[in-house]
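There are two complexes below, and they share chain A, which is joined by chain B in the first and by chain C in the second.
This part shows the complex of A and B:
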């Protein structure tokens, strides 16, 4: 598939971001929307805090706690955006019944999906900031704003959003083919990443075979770099042998493979969906 | 311009696998299109007429790149829909009637603007076009209404405008007036006709259940049944083809049983009926080999004790053509 120019693709992103934003912010009451955006990330962090305290008997001022807390906060991107992008396929097909009109338009679906995801990314960014601020103030997570490695944080975030978009496209390919919104699939994939990418435990404690998976997933390096940028250090022994620069390189290489893989899967599944007539198939559920 | 033909299909076939539960005696396949070969010229308003399940929507989906054929070829503006869907998409648009599609939170104007932008049409041109079309279809006062608040008829009208807004070379309309009231249908038909007339190279392929609509709108039409194209010609030529036959309409009191026996009366080429419950009558439509056969028909009727209320010989309509080919009426 080749649609003429960068200009066209940027236009698609602009349009679908606009649409995504119109839908996200469609709250009858902006006040409720704000509350929801604040309460939700804090609530989800508190669940984790609570579990940790039960397990450890109330210690929240340890290095491991900071490791988990920050990893969990950034992992919200993975969960929200993955879920958001795959949900776009479902709602455009079932609720709005627009998917066929978008599908037959001369645009690339990736850019459309990415655009629809941007509103989610912006909202999630607020949520992550709120969750980290809450952690710093209430739980005394040791983040020293003066010592944060901002360039590393920024570059890692940009690459990370690209990684998450690639994963979203991959999942969208599956969604377009299955004609059902597979909750279990989205939850399952997010769950695997949560475990395998070191969101809450350093990957060292995983069984060796699972560590192989960890090492080919760019999200592992992404979370590691974010922790190094925000906390100044991380806890993984395996990854501690690499410098920031080396980790960044590895992340870029694995990301490139992921991008190719998700492109391939999307194209293949899209073709199969066209063969089976699944693009606009309603399941009415 | 890549081809003189807007649409060409060659031995196009499409079958669907049935879900296990529905498999009966056959091999579990439904043939939706069976060796369809059609050519539609640029500038034509072409109709596809056929009963439920004839394969009309399937053909439109293949041509609009939503569905792949099982075998055969389909070209849109000379481009293969299987191999180059992205090139086809720049030239087409599609509207399906009878559905409520659209993002309820956007206004009519926003929706139309957004869809036009997917095609890269400059906003200045789009603005004029939207105003113009809303006016023609008498929807100006809804421009700022959120589409979630529109009636289903208005929503469908907006959807039809969405089809035209990108000014496609070829527009596919799948039962555009389905479920619309008489007045709105009339406006829509007028608009479609006008668009093709004003843009001599633009093509519309339209499917319909309504005979009158096909007759009024289409330059040429194909009658399709069970995936096969039975005939393809202009409405007037199609009607002429029946000129030599005798078409009779007979009204009797409501008659619901044993209608099939009329098919067996000697000299009856084809037969259809229509119940008019509000009048308590049934209209029997016969196509006979010649006038003299009518006595066989009236004989059968009186044997049955049915009283003839009216009997007339009529000019063949498109519906009679349909009945003579398909062997039953559209609503049957």
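This part shows the complex of A and C:
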């Protein structure tokens, strides 16, 4: 049976997106769900706000604060989508025990995982918009909507979401062989990017060896391009030498390598899991 | 049927054993439980470095990062645990076993404490060494006392949550998620809680980690007292009260929710 046509794959994405959305939102009434979707991102942003205010004595109309705030807001995609895609393996395998049916269904797992992550992307998009609006209205961060570089923002977002999807698939591959309860792994991997990509500070303050790591991660360039698109400038001395075009080019090249690496890891772990009969294992502890 | 004390002690040990031994069963957890949490904490350290904050703040973050392990355990391995147990069929077994349900909760709490301490200890030790934290402990006795009281109160809160989440389905998962970042904020995991303002900080003191962290910072750092929220002895008193309160409240909450679950037929209903 042939199931690799674009139409079939798009149908897989559409249906798994709907499934992901239903699983995310069916548990509560829409109002409660909306509150839930808002409180977490706002709280996450406020942690940084208070850290900043404790040290600076309450000044939030500065460029550095805007730099930190915007980076943190967009980084929500990394946490949520990464978790959304990789956790599918555990959820379907251990909780709902449906992964064996997904495996034998005439669909490609990649598209299924991507679709399931789409629900998280939609929810996170609302959260990011709310967090930025909160920053502009309440904290008066200097963002001028009339001066935002929208084409750069759009292209960067699309590439960024692809990067996060590749990372999610990579982690999903690892999850096939790990036990139940390993959400710490996702949290930790997201933490590596949070640390190394300069999500909440310019990468210049990192130790030199960590800056090398930072420069090979496509998410570093993604965050820099987003900040340039929204704030119109860069505060990172290291990255300020690159033009937007150069940054985009570096991001695309590193993304291509990441995509190949992600594919290799997923295929390898999937192969091992099939070989040793661990696709539908239940760890239960 | 009234179960004897010895059987309940065995139940506590048995439930704690599962939690401790599970930590040794997965080699991948060694990294995910020790090195990876430190990385997120390090990111917050670099925020303070970017802001040229006083050195004490680095110590505050490392301590907060270490203590976050206990909060994560309380949320995911205590509060949401009965939900997991229900999904995998263990809750039915707990219900028919001739033991007090409180023994199960106590076993989960004590095992969870050991399990979380590995993570917390690693973050604390590695963080202190890597970032060269300059401690200035002024009273080891009270520092230890406040840590222990904080843990008892915290795991008491976990037992209370666990009871409340007993009959809930998927919303338990989301409810627990909702308590993560907001509590990091309200308890001042990465900044002195005093900066939230008196009213908000006092309200947040219902979460044992708020006063626990504040007290430990006051006792472990040279300028900790300057940035402290309440008098240290008062904080110890409040934490002692919270220990008793949460323990008693969890006992009654457990009884209430178990009865409610039985009446509505949702106690062991899976995949809600």
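Annotations
Rule of thumb we're sticking to: the second predicted complex is superposed on the first by the 275 of 285 C-alpha atoms of A that agree within 3 Å, B and C clash if a C-alpha of one lies under 4 Å from a C-alpha of the other, contacts with A are read in each partner's own complex, and residues count from 1 in each chain.
By definition in this document, contacts are C-beta pairs under 8 Å (C-beta built on N, C-alpha and C of every residue); 3 or more make two chains touch, one makes a residue touch a chain.
These figures come from a predicted structure and were not determined experimentally.
Upon superposition of the two complexes on chain A, no clash is found between chain B and chain C, which fit side by side. Between chain B and chain C, more residues of chain A are touched by C. In the overlay built on the shared chain, the residue A:46 is in contact with chain C alone; chain B does not reach it. When the two complexes are overlaid on their common chain A, residue A:206 makes contact with chain C while staying clear of chain B.
In the superposition on chain A, A:104 makes contact with chain B only, not with chain C.
When the two structures are aligned on the shared chain, A:96 is found in touch with chain B and with chain C.
With both structures placed on the common chain, the touch criterion links A:184 to chain C but leaves chain B unconnected. Of the two partner chains placed around the shared chain by superposition, neither chain B nor chain C is touched by A:261.
By the touch criterion defined above, A:68 lies against chain C but remains apart from chain B after alignment on the C-alpha atoms of chain A. Of the two partner chains placed by superposition, only chain B is touched by A:8; chain C is not.
Once the two complexes are overlaid on the shared chain, A:126 sits clear of chain B and of chain C alike.
Between the C-alpha centres of chain B and chain C, as viewed from that of chain A, the superposed structures give an angle of 80°, to the nearest 10. Nearest C-alpha atoms belonging to chain B and chain C sit 6 Å apart in the superposition, given in whole angstrom. In the superposition on chain A, the residues of chain A contacting both chain B and chain C are 23, 26, 96. Across the interface of their complex, chain C is touched by residues 23, 26-28, 36, 39-40, 43-44, 46-48, 50-56, 64, 68, 95-96, 178-179, 181-185, 187-192, 194-195, 199-202, 205-206, 282, 284-285 of chain A.
Interface of chain C with chain A (complex): residues 18, 22, 25-26, 28-29, 31-33, 35-37, 39-40, 42-44, 46-53, 57, 72, 76, 87-88, 169-171, 173-174, 177-178, 180-182, 184-185, 188-192, 195-196, 271.
Interface residues of chain A facing chain B in the complex, by the touch rule stated above, are 1-3, 8, 11-12, 15, 18-19, 22-23, 26, 96-98, 100-107, 271, 274-275, 277, 279-280.
Across the interface of their complex, chain A is touched by residues 16, 61, 64-68, 85-86, 89-90, 92-94, 96, 99-106, 110, 114-115, 117-120, 162 of chain B.
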